[in-house]
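The same chain A turns up in both complexes below, where it pairs with chain B and then with chain C.
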Partner chain A sequence: MTAYILNLLVLISVYAILSTTLNFIIGYAGIFSLAHAVFFGIGGYTAALVAMNVTPEFFVAVPVAMAAAAITSLLLALPALRVRGEYFVAASLGLQVLAVTLFSEWKSFTGGIGGVIGIPAVELFGYPVYQPWQFLLMSLICLTIIIVIIRTLVHTSFGRSLKAIRDSESAALASGKNITVIKTLSVVLSSALAAVAGALYAFYMSFINVESFMLDTSVLVMAMVIIGGTATILGPLLGAALLMLMPSALTYLTFLPQTEIGSIQQMVYGIAMVLLMIFRPGGIVSSHPGGNK
Partner chain B sequence: MLFLQLLVNGLQVGAIYALTAAGFSLIFGSTKIFHFAHGATFAIAAYLFHFALVGLGLHWIFAVAVAATSAVVFGVLLDRFMYAPIQRHEGSFFTVFVASFGIGIVVQNLLGSVFGRGFMSVPTPLSNSVEVVPGLYLSPLNGLAIMCAIACFAALHFFLTRTFVGKGLRALSENPELVRTFGLSPRRLSTYAFALGSLLVVPGAIFTAAGTGINPAVGHHVMLISLAATIVGGIGSLRGAACAGLLIGVAENLAMWKLGTQWSEAITFAILFFFIIFKPSGFFGRATVS
Partner chain C sequence: MSESLSTAQKAVKLVPGSGFTGSTDDQDVLLEISHLSKNFGGLQAINDVTLNLRAGIITTLVGPNGAGKTTLFNMITGHIPPSEGDVRWQGESVIGKSPWKIARQGIARTFQDLRLFTQMTVEENILTMMEPGSWLWQPGKKSRKAKRYDKVSQILERTGLVEKRYTRALDLAYAERKFLSLARIMATDSRLWLLDEPASGLDPNSYNLFLQLLREEVKEGITVCIIEHNLDIVVNISDRIAFLDQGKLLADGEPETILNDPALAAIYFGER
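Now for the complex of A and B:
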């Protein structure tokens, strides 16, 4: 039972990192990405590759994973952010679809459909971390650091510029903000931090394959952000916890067909998204009740 | 000969894409609603067509009627009971997109739970290929899909240029305020846009169900194509969306000449990126600054 709870907590903290970083661009910059799972995946695969071929040292594998995700996100952000919001949704959806093909075809990097097996335990300054509670501690520390980074950024001039762009692009442009640079930086930062979640996930599972990085994951993370509440710190955390606990909660409802749990979960958050948008667009933890964004 | 074969297949797929993309573009252009659930409409029409024809054993005319009715009803219901309440209090891109996306997820999983998650296709003698020239196989379905698309576009053109509602829809995409001043209700026109736009997915849904087959995730693929075609063709331009849909269909199939089938979506993405970088306004687009 303890192992079960620890496992759930580790996964919640990994997904909380994803939802927090996605919230940074959705909530504060108003950029809609359907490709967050791509950067999660790049982080995971890169960290696995570094750990298996170079060193399982945390402070080597994670920065390399972050760099790889940052560079990839630049390829998406540079062209797609020059134009209006709908373009980014389309481009990120395209990138997500393309990435799934690449992840399942590029055998030397991702191991194809079979995935990467036998990722060694991560080391912190040479000490291997393999106990679940050690791992939970490590992911919670990562989550805390990321929350602090984002919280601090949001309150700097960079964060204020982001929110200005979100609320009115032309007004921000008129006040001399370099919109493209600011938006691109925010996407790159969010993707690099999402790679941390990918690395943690790869080390924790010691096996990864393309299944974890498909469009469904991007959608799940987006649902966490939206249901929890955009542009808040607490919202994405609550969203991640709720949606990760839901499948286990659903298994207690024995009248539901157990093979359909995955579907039922997706239907529940689909309906939740629709109802929230009609009645409470800010999400559960709403920064503006009634919604004026 | 392989080239010719792929070109013919491409034209068939392209004709279907063109119709679907035109439906999305019509809704997005006139109502400014980012109707991500357009793919869900496609999936519903395709599954109900399959169910009516194979499950209930109805005549194909009734099956087509079932598909068309379900698509229109779904589109209009969404407009009335989801988009209208959202737009009443704000209706930013964000809220509309998320709600629409949520409905898409619900429909995909509902269809998966009810009809199963595997590929399904309608068995029909129309898809039996005949070797016309050595190496070139054609099925009646190829010709039918292309003819049907041409007929639909002719009807759509007539509707938009000659009828009162059609002119109203075009006016709505130009200037909603002026439409209101003129005494027309943008809300009612929006319902017409959804009915018409949803109707346009029906031929595509039927030909896909009869040809390559459908699975519950087909909606995402349809959305990627519709979005890409709308952007490549130029936002707000029906003609552009149709041409771009055709282009994407042909390009996807010609790519199979050199690459495996798994790369066809990558081609769509490459075309989309090319246009975003070099010509963000698309074929026939107007200004792209929001």
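Now for the complex of A and C:
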């Protein structure tokens, strides 16, 4: 039972990193991305590759994973952020589809459909991290650092610029803000931080394959942000916890057909999103429960 | 409406005229608009407009709806490219430049629909206008940051928004939103302000405060170009008037000349 709960907590903290980093661009910059799972995947595959071929040292594998995700996100952001918001959504969807194909077919890097197996335990200054509780501690520390970084950033001039762009792109331009650079920076930063989640996930599972990094995951993380509450620190954490706990919670409802739990879960997501949009558009944790009037 | 805005309004004593004395023709040209045209498909929104905006005065753009006044602002600030013609700011062409580059060169604008940063507080709305840098931090030491906050306080005091400092822009009353729009432009270091119907819908007290603020800024060396429909404001504030109709500049000159032209009056009031 303890192992089961620890496993859930580790996964919640990994997904909380994903939702927090996605919230940085959705909530504060108004950039809707459907490719967050791509950067999660790049982080995972890169960290696995580094661990298997160079060193499993956390402070080597994770920075390399972050750099790989940052560079990839730059390729998406530079052309796509020059145009209006909806084009970025389309471009990110395109990247997500393309990435899934690459993850499935680029066997030398990703192991193809079979994935990468036998990822060694991550090491911290030479000490391997084996125990789930150690892993939980490590992922919680990573989550905390990421929250501090994002919280600090949104209270600086950069954060104000992001919010200005979110509220009115034309007024932000008229106030002298180079919105392409600001939006690109935010996407690069968000993607690099999402790669930390990917690296943690790869090390924790010691096996990864394309199924963890598909469009479903991007949509799930977006749902975590929207249900929890955009442009808040607590919202994405709560969203991650709720949506990660839901499948387990549903299994306790014995009157539900257990073979249909997956479909029921999708229906619950959908209904929850619709109800929130109607009654609490800002999400569960919202500084303005009535939404944006 | 906030108490501070009411107090600021009561303190206003209106002086007729804009405060500028002398001939506007003698003022230096800050912005030159030469043979500017804009077509939207078959519609000629701006047709061969040549106009100079002179330093240190208030020029008012008047004309009926659809005359092309806002389109002219959009072209000057780089929000839409012209089909033909040139706009020169202090002798240098701004055509083809991004709006943010033009803004950093010293041309600021407001919008008819305000476009406030609605989810941000009043303080953040003003502060962000002083932070054009795109990187993760603003250049300068802590003292420069402190100066920015001081400037915000001064602007809030002058515009009567002190009590609303930490209120979301979305939660402001209409007049307060208008003053926030003005406060934002006051926070910039721009030399030329393009104001798109800044006083429309203001009550008389707010309107007087608005005129006083504008006069004070012009006295400090700001050049203003206003789009305005309210003839009362046009008469009260203008040093120079440019009259547009159906994309064409029909007249540009001293207010007495323009306002006393019966042909222009007939166009303005839709009698022709």
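A few points about this structure:
Just so we're on the same page, the second predicted complex is superposed on the first by the 292 of 293 C-alpha atoms of A that agree within 3 Å, B and C clash if a C-alpha of one lies under 4 Å from a C-alpha of the other, contacts with A are read in each partner's own complex, and residues count from 1 in each chain.
Just so we're on the same page, a contact is a pair of C-beta atoms (placed from the backbone, for glycine too) under 8 Å apart; a residue touches a chain by one contact, two chains touch by 3 or more.
As the structure is a prediction and not an experimental result, all values here were calculated from the model.
With the C-alpha superposition on chain A as described, chain C and chain B fit side by side in the combined arrangement. Contacts of A:Glu86 after superposition: chain B is touched, whereas chain C is not reached. Once the two complexes are overlaid on the shared chain, A:Ser157 sits against chain C while remaining clear of chain B.
In the superposition on chain A, A:Met224 contacts neither chain B nor chain C. Comparing chain B with chain C, more residues of chain A are touched by B. Look at A:Val181: by the touch rule set out above, it reaches chain C but stays clear of chain B. Once both structures are fitted on chain A, no C-alpha atom of chain B lies closer than 8 Å to one of chain C.
Within chain A, the residues touching chain B in one complex and chain C in the other are 292-293.
Of all residues in chain B, those touching chain A in their complex are 34, 82, 85-86, 89-90, 92-99, 101-106, 108-110, 112-113, 220, 223-224, 227-228, 231, 235, 262-263, 265-266, 268-269, 272-273, 276-277, 280, 288-290. Across the interface of their complex, chain C is touched by residues 153, 156-158, 160-161, 163-164, 166-168, 170-179, 181-182, 185, 231, 288, 292-293 of chain A. Those residues of chain C whose C-beta lies close enough to touch chain A in the complex are 77, 79, 98-100, 103-104, 108-109, 111, 115-120, 124, 127-129, 131-138, 168, 170, 184, 188. Of all residues in chain A, only 30, 32, 79-80, 82-87, 89-91, 93-95, 97-98, 101, 104-105, 169, 215, 219, 222-223, 226, 260, 263-264, 266-267, 269-274, 276-278, 281, 290-293 touch chain B in the complex they form.
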